[in-house]
Amino acid sequence: MKYGVRNSLQATVTKVKKGDIMAQMDCKLEGPIELSSVLTCDSVADLNLKEGDKVMVLIKAIHVIPVKE
Amino acid sequence: MKYGVRNSLQATVTKVKKGDIMAQMDCKLEGPIELSSVLTCDSVADLNLKEGDKVMVLIKAIHVIPVKE
Amino acid sequence: MKYGVRNSLQATVTKVKKGDIMAQMDCKLEGPIELSSVLTCDSVADLNLKEGDKVMVLIKAIHVIPVKE
Amino acid sequence: MKYGVRNSLQATVTKVKKGDIMAQMDCKLEGPIELSSVLTCDSVADLNLKEGDKVMVLIKAIHVIPVKE
Amino acid sequence: MKYGVRNSLQATVTKVKKGDIMAQMDCKLEGPIELSSVLTCDSVADLNLKEGDKVMVLIKAIHVIPVKE
Amino acid sequence: MKYGVRNSLQATVTKVKKGDIMAQMDCKLEGPIELSSVLTCDSVADLNLKEGDKVMVLIKAIHVIPVKE
């Protein structure tokens, strides 16, 4: 399986919170890094996404914004 | 400084490759995790982005896509 | 502070409306121009975003779509 | 004509720079505000986009990121 | 009318579901293909979007992700 | 394999054009519908993407913009 994105990371789901249309998923990468995702509740249902699940998270490079302080 | 995004991560720039309009920046987070960013060459120039720079990378949660294999 | 985006604009928040997962922020730029943002309620809380706040709004150039009528 | 985006702004194109795949368009809104767009060269050709053109620029609210300094 | 996006497709709205801030619209393209859109409830109201409506759907090429299984 | 996106469509690659940093892939869905994707050349190389390939294309619902004429 090959994804046409630069960034694909292994993660463990730590929390899923469903709203009316959108849901938020928090996950933990290796080490101390955590990420949040926002997706539709329909997608959460399709994936049967729940705490403890092992997932890949995909992020297109165009959506990664560097900031220099 | 507070960013209106769920994900803001500290990173060290490992490579900057400039094209005609767009550029690609690779960076290393804590631990073994690497990320790539695509941005305009103009933004690379504004930030004077180069190998070894410490940056924050911002990623809106809406751009993080979980996949279950 | 330098952002790796082409568009960073000064704005004053005119309205914040929170939903269950997502929130909508309206703001006013210089002159007659208004913009809306959608972000998570978590981000609204992190920024303590409220009417009257001075903010910068960042927009990557890739998300600006020209239309010719 | 109605667009399913929160932000649609009138603009005048000030510069178009074409690369191999992607192009960058700069434009001026009312007042002192300028915006940049990145799109494919194919889209620049379809729109016959050039300096002086009047365009609408569309920006989904989800792509507007507030930052509080 | 010319849009600065690579993908503009004719569609018929099959369902609109409104949440507090965001809404989801499902539509049908020619043939067996269906697409979903997420937009603000404000945009749904602006377009008076409802089942049976004929719409164009715009998708920037940068948001189309190929996957090879 | 389950993707956390609303839209996943089967497609056949009809053209791949590489630039310096970014590449453009055109593909054909079932019926008369064609889509274009923009991704990094690195991703094209990772997927070994070429004319005739069968791919899935993923599109998050948030990136589908309805327009009513």
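In order of appearance the chains are A, B, C, D, E and F, and numbering begins at 1 in each one.
FYI, a contact is a pair of C-beta atoms (placed from the backbone, for glycine too) under 8 Å apart; a residue touches a chain by one contact, two chains touch by 3 or more.
Keep in mind the model is a prediction, meaning the values are calculated, not measured.
**Q** Hopping along touching chains only, can you work out the least number of steps from chain B to chain F?
**A** Minimum number of steps from chain B to chain F: 1.
**Q** So which chain is farthest from chain E, going by the mean of the CA atoms in each chain?
**A** So the farthest one, by centre of C-alpha atoms, is B.
**Q** Rounded to the nearest 5 degrees, how far is chain B rotated relative to chain D when their C-alpha atoms are superposed?
**A** The two chains, chain B and chain D, differ by a rotation of 120 degrees.
**Q** For the homomeric pair chain A and chain F, should the interface be classed as same or different, according to whether the shared residue numbers exceed half of all numbers used?
**A** Answer same: the two copies use largely identical residue numbers here.
**Q** Please report how many Å separate the Cα centroid of chain B from that of chain E, as a whole number.
**A** A distance of 29 Å separates the two centres.
**Q** Measuring centre to centre with CA averages, how many angstrom lie between chain E and chain F?
**A** Roughly 17 Å, centre to centre.
**Q** Per the centroid of Cα atoms for each chain, what is the distance between chain B and chain C, given in Å?
**A** 21
**Q** Show the residues in chain B shared as contacts by 2 or more other chains, in ascending order.
**A** 1-6, 19-20, 22, 24-25, 36-40, 42, 47, 49, 55, 58, 60-62, 65-69
**Q** Which two-chain combinations touch?
**A** A-B, A-C, A-E, A-F, B-C, B-D, B-F, C-D, C-E, D-E, D-F, E-F
**Q** Which of the residues in chain D end up touching chain C in this complex?
**A** 1, 3, 6-9, 11, 13, 24-25, 27, 29-33, 35-39, 47-49, 53-69
**Q** Mind pulling up the chain E residues that touch chain A in the complex?
**A** Per the touch definition, chain E meets chain A at residues 17-20, 22-24, 36, 38, 62, 65-69.
**Q** Please output the residues of chain F touching chain A within their complex, sorted ascending.
**A** These residues of chain F touch chain A: 1-6, 25, 37, 39-40, 42-44, 46-47, 49, 55, 60-61.
**Q** What does chain A use to touch chain E in their complex?
**A** 1-5, 19-22, 40, 42, 58, 60, 62
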